[in-house]
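Each of the next two complexes has chain A plus one other chain: chain B in the first, chain C in the second.
Let's turn to the complex of A and B:
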C-alpha cells in the first residue's frame, strides 16, 4: 500500500506537466481558429471602432506570449478569467453548470454498470444460448445507435405519446430519467460486451474448475471466483465511459435541454468565448487525471497482484 | 478384499467436435478399494483425466457428455444424482488435486480464504474463526512453514511447491473418502516433485482416503501406487498390482511403456520406443486399437476384427489382449534386444 501512495503522489506531480501541456495546446488551438471573438461579441451592426475597442479590452492585440501569461498566471491563483459573453467569472459559469453534468454522468454510469455487468455475466454463463444471442444483439444495437436518435425516440414515446416523463429541461426530479437512460444505453452495451468477453476468458480458467471441484454452488463460482478476476478490463471500460460523460454529453444535453457543461462548451466555442473554453478544457483534463488515479487505486483493490 | 469405495462401471464419455464424436473414455471399468492408491497411467489423450472429470461431474458440457455407465460411490450412482447432490459430494467425500498449482488457485483470493471456503461450504455451522484455525492446522499438516502468515498471502506470493501443498490441504480439508490427484507433480520442478508426493502420501495416511493417482510418470507409479490401471485410446488395457505391472506386464502396450523407460537399476544399451502414434479417437480402427503399434499381433486376423475384452489373467489382474499369454515371452525378446534383462530385479 505504501507503494501505491507513492505512485499516487508521483502521478499527481506528473499530471502538472500534463495540465501545462493541455493549457498550451488549447490556448494555441483557439487562437488559430478562424473568426474574431471581438466581432462575434460586438454583433453584426457594430462599427469598426467598437470592434477595435473591444479587441483592446479583451487584450486580443497583445502578443500570444503575454496573452498566455495572463491566462496561466490567473489559473495558478485560481482565477480562470472572465467570460467575454456574460462578463461573469469563468469559474462561476462552470460551477453553475457542473452539478447537472455530474449527476447525469453518475446516474448514467451507475445504471450502465449495473445492467451492463449483469447482462454480460448472464450472456457469458449461458454462452451460445438464446439469452446470450438476445443480449449480444441488443448490446450491438446499443453500441451502434446514435444517442440523439435514441434520445428523440424516447422523447417521442415517453414524453409525447405516453406523457409519463418530461421531455426536456431539468426542472423536475423526473427530468433526469430520459437523458440518463439515453446515455446509459451506450454504456450498458459497451460494459456488457466487455463483461461477456472477459468472463468467457475467466470461466475457462483452472481456478474456476477448482471452485467447482470444492463444491461451490454455481452462483458463488461465477460471482466470487470468476467475476472478480474478470473485473479489471470491465473497470477500465466503465471509467473511460464515466470520464467521457464527465466532459459533458453534448448531444444528449442538447436534445434534452439539459443545462450541463457540454452545452456550455459548444455555446462558448460558437461565441469564440476563449476564457470559458480554456477553463472547461482544464477542468476536463483535471477530472480525467483524478479519475485515472482513482482507477489505479481500484485496480489494486480488485487484483492483489497489481502493485505500483 | 473389502467392498470397493468407488466403482466405475462401463463409463463412456464422449466429446462432440467438428471432426466427429470423440470417445475419450470408452467402456471403462475399475474398482477403488479403501486405503489403497490406484495408479492410472497412459499417454496424453488416453482418457485418464476425462475419467477423473467424469467422476466429479465436471466434464464441460457441451461438448462433453457421459453416455453410458455408472460411477458408484459406496453404492450411490454419481451419474444419477442431481447437480445439488453431486455438489455436496465434491470437496467433501471426493477431494481433487489438479495438475498445475500455478493456475489452479484463484489469484485474487488469499490461500487461506480458499481453503476455509472448502471447509465452510460443507459445514455451515463452522465460524470464520474456526475455519481459520482448522485451515492453519491443515497448512501445517501439508508442511507449509509459517502457516499463520501464509494464510493471509495470495497465491502469487507462494512457490509452485507451496501452492500444490495448499491444493492438497484444500482437497483433504473435509476428510474425503476418495482423493483424486490428476498429474499432481507434472508441473513442478523435479526436486519439488518428491516432496509433494511425500506430502500427498502423509495426507492420505492421515485421512485414510482411497487415492486415484493419475500420471504418465511410471516412476511415480512405481513409488506410490498399490495397483495400476493402464489406459490406452480411452480404454483400460491392463489392470494389475504394481509389482506385476513392472515385472510381468500382460499387455503389449504396458510392455512398450516399460521398455521405453530409462532405468537406473539395469544397464540398457538402448531404449525401445513404441512405434507409431496414439489412435485417432474419432475414427477408431476396427478390432484392437493398439494393433497398428503392436509387436505381438504378427498380422493375426482376430486382432483386426475383434476388440479384445479385458481377459481375467488371475489374482485380480486383467489384460485386454487376445494373446496376453504371449507377452511374457515377448518381454524376454525385448530385453535381449535392449541389451539387458528387463524386470529381473524387480
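Let's turn to the complex of A and C:
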C-alpha cells in the first residue's frame, strides 16, 4: 500500500507537467483558429472602432507571451478569467454547469456498467447461444447508433407519444432518464463487448476448470473466480468511457437541452470565447488525471497482485 | 457471409420497427390532459416558451441576438416602437418631435411610470440611459446609430432634448431597439449588478426579472404596478433548448406552449396538425450571395446579372426551404422603410448563358463559401444554387466553415480576400433602409464593415448621402427607392430571399404574433377560450 501511495504522489506531480502542456497547447490552438473574437463578440453590425476597442479590452493585441502569462498566472492563483461573451467569471460559468454534466456522466456510467457487465457475462457463459447472438447484435447497434438519432427517437416515443417523461431540460427528477439512457447506450454496448471477450479468455483458464471440478456452484465460479480475474480490462473500459462521457456529452446535452459544460464548450468555441474554452479544457484535463489516479487505486483493490 | 446477411436482416427489421415508431408518433396528438399552462379565472398560471439560444447577457446595451432581446423585452421598454409600415409611435415617450434642421429631438415622456425598483421613470433616467449606451467603455454591439448623439438634456421632469451631431433620419427608429431600452439608473449598482456586468435587469416592463438558470431557463414574473395593459400569465418561463426537433417535441408533448424556429422540414406537418398553430412571421433578414465585384471577371454587371438569371430561387424556396422564405424583388426586405419593388430576375438559364458569353465569363469557376446552420437551410441552399450555376456551364466549388472562420474570411480587406462569392444574411435591427444600404457603400467595405461585395457606384453613393440627412420622409423614401433600382440592375449580389421567422404555438393559446425584426410578440398571450 505504501508503494501505491508513493505512486499516486508521483503521478500527481507528473500531472502538473501534463497540465502545463495542456494549457500551452489549448492556448496556442485557440490562437491559430481563424476568426477574430472581438469581431464575433461585437456582432455583425459593429463598427471597426468598436471592434478595435474590444480587441484592446480583451488584450488580443498583446504579445502571445504576455497573453499566456496573464492566463497562466491567473490559473495559478485560482482565477480563470472572465468570459468575453457573458462578462461573468469563467469559474462561475463552469461551476454552475459542471454538476449537471457530472450527474449525467455518473448515472450513464452506472447504467452502462451494470447492464453492460451483466449482459457481457451472460453472453460469455452462453457463448454461441441465441442469447449471445441477441446481446451481441444489440451491442453492435448500441455502438453504431448515432446519439442524435437515438435521442430523438426516445423523445418521440417517451415524451410525445406516451407522455411519460419530460422531453428536455433538467427541471424535474425524471428529466435525467432519457439523456442518461441515450448516453449510456454506447458505453453499455462497449462494456458488454469487452466483458464478453475478457470473460471468454478467463473461462478457458485452468483454474476455472479446477473450480468447476472441485464442485463450486456455477454462479460462484462465474462471479468470484472468472469475473474478478476478467475485471481489469473491463474497469479500464468503464473508466475511459466515463472520461469520454464527461467530454463527449455535447450531443446528448444539445438534444435534451441538458445544461452541462459540453454545450458551454460548443457555445464558447462558436463565440471564440478563449477564456472559457481554456478554463474548460483545464477542468477536463484535471478530471482525466484524477480519474486515472482513482483507476490505478481500483486496480489494486480488484487485483491485489498489482503493485506500483 | 451468412453472419453478414443475418446482421443486415436484423438491421433492416430494426429500421422497420423504428420507422413504425416514427409514424406512430407523427400521427399522435399531444396529450390534452396535460396542458403546460395552468390558467385560472382572470389570469394566472405559467406560459412556457422554448427558445434555442442560451442568453449571453441581460443588459439591454449588450444585446446582439434577437432571441435574447426578446426575453429582455419582457422586463425593459423602449421610448418608441416601430410598426410594420415603418411608422414610429410612442411608448415610454408619448410625444417626439424633430426640429426643422433635424438636429434636435424633443421627447415628451409618459408621466407616472415607475421602474420596478420603485424609482420614477423621468427625464434624468432617459439621460442616464442614452449616455450609457454612448459610453466608450461599455461594449454596445448595436450602438452605432447612437454615436450621432451630441448631448442629452433633461429640460424638466418629463421633457428630454437630444442634440444630434448631424441630421439622422433613422434615429427615432433606432430608439426602438432593445439596446436603447430604459433601465433603472440605480439598478446598475444594485444587487449582483455592475455597470459592465449587468445581469439582473430592472425596467418599466410588464414583467420583472426573476431568475436565470445557466443553460436551462429564464423566468420572469408579472409586475403588479405595470403602467400599461396587464398581461394574462403570472409567470413566463423561457426554456433553452438548442435542438429544433426537441423544441418541436416539447410542444407536441404539451410540455411548452410555444416554440420558435421548429425544424423547417416539419413545417408542413405542423401546419396540418390541428393541435398547434404555425405563424410564418415576416422577417427583415435578406439572404443573398455577395459577389466579389472587384474581381476582373465579376466586375461586369452583365456577368452578375447572368448569375441572377441562372438560379431558380422560387424552386429552392419551395423545395429546400420548405416555403419558409419569400423571393426578393428589391435589394432589401419589404418590411423596411425605403423599400420599393425594383424588379425580378426570373429563372432563365438561356438568358444566363447568353449574358455570360457576352461578358466573357462562360465556363468560369466560382468558389462559393457558405455558413452552415446560421440561416435557414443555408448550406443546403448554397448547394442547390451551385447546381443551377453548374447548369449554365460554370464550375462551382462550395465550401463551408463555422461562423467565426467564415466571418474572418469575408470580412478581410480585398487584397486578402480569397472567395469569389459567399452566402450571407443581413437583418437590420430596426426597420429602416439605412442599415441595409450600408452593404452597398464604399465606407462599409471590409474590414470597416460588412459590405462584402466591395460594391460602389457614384450615383448610389450620392443618393444615399442625400438620404442620410434628408428630413422629409417622402423624399427620403424616394431616394432609397432610386438607389435600390440602380443596385438591383447592377446586381452586386445574387438576390435570393427574405427569410421567414416561424413560431409555433399550442392551439389552446392565442394573442401571439411576430415582428419583422425576428421577434415574437407573446406578452399578451392568453388561453384561447
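As a working rule, the second predicted complex is superposed on the first by the 307 of 308 C-alpha atoms of A that agree within 3 Å, B and C clash if a C-alpha of one lies under 4 Å from a C-alpha of the other, contacts with A are read in each partner's own complex, and residues count from 1 in each chain.
Everything that follows uses one rule, which is that a contact is a pair of C-beta atoms (placed from the backbone, for glycine too) under 8 Å apart; a residue touches a chain by one contact, two chains touch by 3 or more.
What you are looking at is a predicted structure, and each value in this text was computed from that prediction instead of being measured.
With chain A as the common reference, the superposed partners chain B and chain C fit together side by side. Residue contacts after overlaying the shared chain place A:229 against chain B, while chain C stays out of touching range. When the shared chain is aligned, chain B comes close enough to touch A:216, but chain C does not. Once chain A of one complex is fitted onto chain A of the other, the partner contacts of A:305 are limited to chain B, with no touch recorded for chain C. With both structures placed on the common chain, the touch criterion links A:207 to chain B but leaves chain C unconnected.
Which of chain B and chain C touches more residues of chain A is settled by the count: it is C. Of the two partner chains, neither chain B nor chain C is touched by A:15. In the superposed three-chain arrangement, the CA centre of chain A forms the vertex of an angle with the CA centres of chain B and chain C, and that angle is 150 degrees when rounded to a multiple of 10.
Overlay on chain A (Cα): least separation between chain B and chain C is 18 Å. Those residues of chain C that touch chain A in the complex are listed here as 7, 10-11, 14, 18, 21-22, 24-25, 28, 30-31, 34, 50, 54, 56-57, 62, 64, 136, 139-144, 147, 196-197, 199, 213-217, 239-243, 245-247, 249-250, 252-255, 401-405, 407-409, 411, 426, 429, 435, 447-450. Put simply, chain A touches chain B in their complex at residues 205-207, 209-217, 224-225, 228-229, 302-305.
Remark: chain A residues 33-37, 39-48, 50, 53-54, 57, 85-88, 93, 96-97, 100, 137, 140-141, 152-153, 155-157, 159-161, 163, 166-171, 254-260, 263-264, 267, 269-272 touch chain C in the complex.
Per the touch definition, chain B reaches chain A in the complex via residues 56, 58, 87-92, 96, 98, 100, 103-109, 114, 117-118, 121-122, 154, 156, 167, 170.
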